[in-house]
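Common to both upcoming complexes is subunit A, partnered first by subunit B, then by subunit C.
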Partner chain A sequence: MTELEAGRAQTLVPVRSGAVLQRYRDVLIALIAFAVLASLPLFTGSKALLDFVIRCSAYGLFATSLNLLVGYTGLTSFGHGMFFGLGAYSFGLIMQKLGVPIPVAFVATLAITAVFATIIGAICVRLKEIYFAFVTLAFQMLIHSTILSWASFTGGDQGLRGGIPRPVFLGIDLSNHVHLYVTSCALLILGLLAMRQIAQSPFGYTLRMIRDNAARASFLGIDVWRAKLTVFVLAALFASMGGMVMALFVSGAYPEFAYWTISGEGIFINMLGGVSTFLGPMVGTVLLLLLNDTVTRFTEYHGIVLGVVILFFALGLRKGLLDFVAEWFSHRHDAGKGR
Partner chain B sequence: MTRTRTPGISRRSTLALMGAGAMSVAAPWVARAQAKTIKIGMPTILSGRVAQLGTSSRNAVMLEVEKVNAAGGLAGRQIEMVIRDSKGQPQEAARVARELVNTDGCELMIDAEASSGAFAVHEVARDLGVFCIHTNSETSALTADPKQHIPNAFRTARQGVHDSIVGGSYAAAIAKAKGLKKWATCSPDYAYGRDTTAEFTLYLKRFAPEVEIISESWPKLFQADYTEVVTKILQAKPQALYSCLWGGDLTSYIDQANIYAMFGQMEVFAVNMADYTALTVVKNLPKGIHSGNRYIKTFPTTPENAAWGDAYKAKFNEYPTNWSWENATAIMLMAEAAKKANSADGKKIAEVLKGLTIKCPFGADGTVTMRGDDHTLVGYAIGWGTTIPQEPYVPEVKAGDWKTIFELEAEWKKSKGYT
Partner chain C sequence: MDIDALAGCLSSSACLVTQTTSGLIIGMLLFLVAVGLTLIFGVLKVVNFSHGAFYMFGAYFAMTAYQLTDSFALAMLAGAAGTAVLGLIFERVFMSRVYGADVLMQLLVCYAFVLIFDDVVRIIWGPEFKAMGMPAAFQVMPLFIAGGVVPPYYLLLIGVALLAAIVLGIGLSRSRIGKVIRAAAHNPGMVSALGINTGLIYGGVFALGGMLAGLAGALAAPVRSLTPGMGFSVLIESFIVTVIGGMGSILGALIGALLLGLIRSFGSLGFPLFTEGLMYLFMVIVLVSKPTGLFGKEAA
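Right after this comes the complex of A and B.
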């Protein structure tokens, strides 16, 4: 071992043990979060609250997966909603037509999404910025139009009708509200944990480097195209999971799930919550759904209210809520050190 | 043997005391339950492109609810409507519907959603078991398909297949009388447009087998410019044109086709023309467009219908729409069923509602019936007529024959594998 190598090995060890520690910390936080969420039905009989958390799971998975693209890789996808819709439709169709157990349909849906995402991603990730945004949007509209036109298979604009059958598996009955709730929470926490691992892995740091300077990453020997494609497919899988949770919640799938407005909502959630922290999109999801649910209770002019909120975040804060909070904390920290 | 009263507290009086105690504890709840207002939830579309769907539905419901409340309410309970916007998104419709039942305590539901939203609310009704009347979805499958059937859901809207049968037979009679053999179609490119056009041409050809479709156009929903469609149709030189464009699409189509003087060159059959939303918006309404009735206060030609249309206009300063009568009918049926059942309980109302016939201003013969076997409205006024440019817009409407409708509907159901 040369001197140089020895020195490198020494510095590597603490870094690696730090990563391991952080991983344990993440798993611990995830376990606590799941325990808190899963015990919620013991304390409250409010079905509306459970509904709210189920929807948060669906949108939270979707928005956080979008942040893997937008925040970590710098790929602003306007068509991410297609995977949300694809997940909902694939899952619904498999359950309706084949009647397989739910876990089989779940895995099959992920496989289908992976195939679609690989094909679409292979074409899209070569492009940059606005071109990437618009080609993803075009693919989304292609999938949306296919759902509308292929009425004999997808039910067209009426959506998948007749409900999604939910046979009991491993003692879990998803037609039971509480079971569905706990399953959604589990999927959310597992999804978030997996995405956190991706973001904190060396691969996650490669993505950040691609975002900041793709040419440099390429000169360092990184296959930028392959890295982008990989994260595109991974993000699609989590969006598809979100779509499945939504399909279970509404017991159907509708073309609106694959429409551009869903992608728009994803972008909006990321703007609200912030893209520089991992949990930003999750905070954004809770904020948006809370806003939506309270505002629609009182007025049908919710568009104005949401518009004002966007303006406040875009022009006033110039960043998402969690970004703002994180920055404020680090300022305080720095000020404290300087004293 | 004489019975003597033993001193102290007998078993009977203990029971009576206990009963009284229980009553005094329970009485406030029982009393409150009886006197309490009954909440009816109503998810509908109040924002976006088809907000008119929701507002005209809400207006009609409020008009009828006022009457029911003035007459003592639903089996003695005053109705309180909780109406909420779903933005036309099915996942929002499902969420709002669940919220209305679970959080707001609505015991009954009026689902004033269109197309996919109605199916989303239908699933909520299936899940929660809440009594629900669909008022705006005309998709036949919603009630015709036995897979959709649940005991607690009904529909008071038109049904697509009824419209097609009446339209097809009306158009065939004119085709025969005027020798119209070459037909073109122009309908919006989505399930409603495709299905309705296919069913219309099916019945048109059945009654007039010599008819031939020589051109089909499928403009996008909410398309702004129809020039290519109009010129395509003019080049094909058909003798007649069928269209199920509706609302703003239909009015912009007519305004643009007027520039090419299209309406002088062929007979036009536009099923959704005879609705005030279209009639009053078109700049120059051509004379002689054939249309099905959507809502028009002159058909059925009864004083009750005219009075209802005028009352609505007086209150909301605009004419009712097709959706208005469908929603008003839902409240009328609910009120009558609650009276018969002497209860506002959803299950009891549903039991009575099956096969219930009520007096109604929108009935073909002054009554409408909630058909028992598939929970859908029948006997409503349905017919076709031709337009004139000013009020009453469609002076004479030829009524459809419900006997023929029933026969062909049964046949259609069989062909779809529903029966």
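Right after this comes the complex of A and C.
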């Protein structure tokens, strides 16, 4: 062992054990979160609350996966919603036409998403900034138009109707509301945990470096194109998972799932919650859905209310809520140290 | 898919004329909206996501003015002037606060105003479809050119839009103000150091962009139905135009708008269900082969 290698080994050991420790901590938090969410039906019979959590799962998976692109890699995708729609439609179509068990359809949908994401990503990720945003938007609208015009296969503007069959698998009956709820929570927690692992892995730090300085990353021997493509496909898989949860929830798939507004909402959720923390998008999801639900109940002009709230975040806080809170805490921490 | 209908149309001069004029008016209206968008991006470096709202307000202002005064000219003036004022206020009060911020923040402010403006229109004019009606002066026999039917109003619309394009092109390249604007787009710090109020230029450019979109809305009001949210599809299409033509390029916006108009009018014959898809497909092809658009400069 040379002196250099010995030195590296010494410095690396504590870092690695720290990472392992953090992984255990994340798994623990995930388990607790899942236990809390899964025991919710024991305490409340409120269908509305469970529905709310299911919708949060679908949108949360989608928004957090978008943050892998926007927050961690600096790839502002305006078309990420296409994978949400693709997931919902692929899953719905496979279940309706082939009648396979749900896990098979789940894996098959992920495989289909991966193929699409690889092709679209390979074209998109070499473009920079605003052009990347526009090309992803164009692909999203292309998929949306295809869904609308291929009416014999996708149901056109009516969407996939007639319900998605949900055969019982290993005792899990997804047509049972509580079973569906627990499954959605499990998918959400598993998805979040997996994305957290990606974000904290060496690959995740490579992505941050690409975001901050792609040229430097490239000089250090990182294949930037390949790393961007990898995260594009990974993010697409989780967005597709979100789409599948949504399809299971509404027992169908509608063209709106693939419309660009889904991507717009995803971006909005990220800005609302904050992109510099891992759970920011999750906070944003809960905020947006709460806001949507309460405001639409009180006024028909919910656009004005929502708009004013957005303005408050954009012009007032100038960052997402969780970013704001995190910064406030670190300021307090610093001030405490200074005294 | 209906290739026969498309082929049949291409071989008949009457159909060719009709489809081309309808493509031209779609293209010209798109151009007016898109050129404002591209101008604002070129000078302010802001993607004005709320640009469709100006188109919508232009149409509603024109309708109200027409109902009050019964004068078509005043209606056009109200549409253009009203949105210009609106653009100036919007830029000075809100957009000017987020220039230094993240692109996403700017988008978010615009997105908020898309929601707010749509609801404002809903409150003032009601949620239902409205129609301005064709002014009496244009309710005359349509012209027949090579067997194709061309309403005279279409000719006026194309003429006004072309005039705007020419005035804008010459004004920007020849006049002193045009030169200042181009200089501000290139190096705002230097322009400001030379004693020129860049804030005024920014506000002016935003007002100009809003005015052009408002004019497009006013011109479209007699031939299209008015509804809150009408700006949205126009916004998306004018985005495609600016991206295809190249962000910041006026000539690009003109060519892009005309191409898109023709794709729409002929595509609706050959691929009635996939017309929108054709536009996006075209955008993908252009962007993949030339990411900066047909007339865009290479990104610095």
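Quick note on the criterion: the second predicted complex is superposed on the first by the 339 of 339 C-alpha atoms of A that agree within 3 Å, B and C clash if a C-alpha of one lies under 4 Å from a C-alpha of the other, contacts with A are read in each partner's own complex, and residues count from 1 in each chain.
Keep in mind that, in the parts below, a residue touches a chain if its C-beta (ideal position, glycine included) is under 8 Å from a C-beta of that chain, and two chains touch if they have at least 3 such contacts.
These figures come from a predicted structure and were not determined experimentally.
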Quiz item: When the two structures are superposed on subunit A, do subunit B and subunit C clash or fit side by side?
Solution: clash
Quiz item: Once the shared chain is lined up, is A:Gln158 touching subunit B (first), subunit C (second), both, or neither of them?
Solution: first
Exercise. Based on the superposed arrangement, let me know which partner A:Asp51 touches: subunit B (first), subunit C (second), both, or neither?
Key: first
Exercise. May I ask you to decide whether A:Ile130 touches subunit B, subunit C, both, or neither, giving the answer as first, second, both or neither?
Key: second
Quiz item: Looking at the overlay, does A:Ile310 come into contact with subunit B only (first), subunit C only (second), both, or neither?
Solution: second
Quiz item: Between subunit B (first) and subunit C (second), which does A:Arg297 come into contact with in this model arrangement: first, second, both, or neither?
Solution: first
Practice problem: Quick one: classify A:Met141 as touching subunit B (first), subunit C (second), both or neither. | Solution: second
Quiz item: Thinking of the overlay built on chain A, is A:Gly264 touched by subunit B (first), by subunit C (second), by both, or by neither?
Solution: second
Quiz item: Now for A:Gly252: first (subunit B), second (subunit C), both, or neither, which partner does it touch?
Solution: first
Quiz item: Clash with subunit C: which of subunit B's stretches 224-232, 296-304 or 404-412?
Solution: 224-232
Quiz prompt | Touching both subunit C and subunit B, counted on subunit A across the two superposed complexes | solution = 148, 151, 301-303
Quiz item: In the complex of these two chains, what residues of subunit A are touching subunit B?
Solution: 46-48, 51, 55, 148, 151, 155-159, 161-163, 175, 246, 249-252, 254-257, 261, 293, 296-297, 300-303
Practice problem: Spell out the part of subunit A that touches subunit C in their complex, as residue ranges. | Solution: 70, 76, 123, 127-131, 134-135, 137-139, 141-142, 145-146, 148-149, 151, 260, 264, 267-268, 270-271, 301-304, 306-308, 310-311, 313-315, 318
Practice problem: Report the residues of subunit C in contact with subunit A in the complex, numbered from low to high. | Solution: 47, 94, 97-98, 101, 103-105, 107-109, 111-116, 118-120, 122-123, 236, 239-240, 243, 247, 271, 273-274, 276-277, 280-281, 283-284, 287-288, 291-292, 299
Quiz item: For the complex, which residues does subunit B have touching subunit A?
Solution: 46-47, 51, 54, 84-85, 87, 89-92, 94-96, 98-99, 102-103, 115-116, 119-120, 122-123, 126-127, 139, 141, 145, 147-148, 190-192, 194
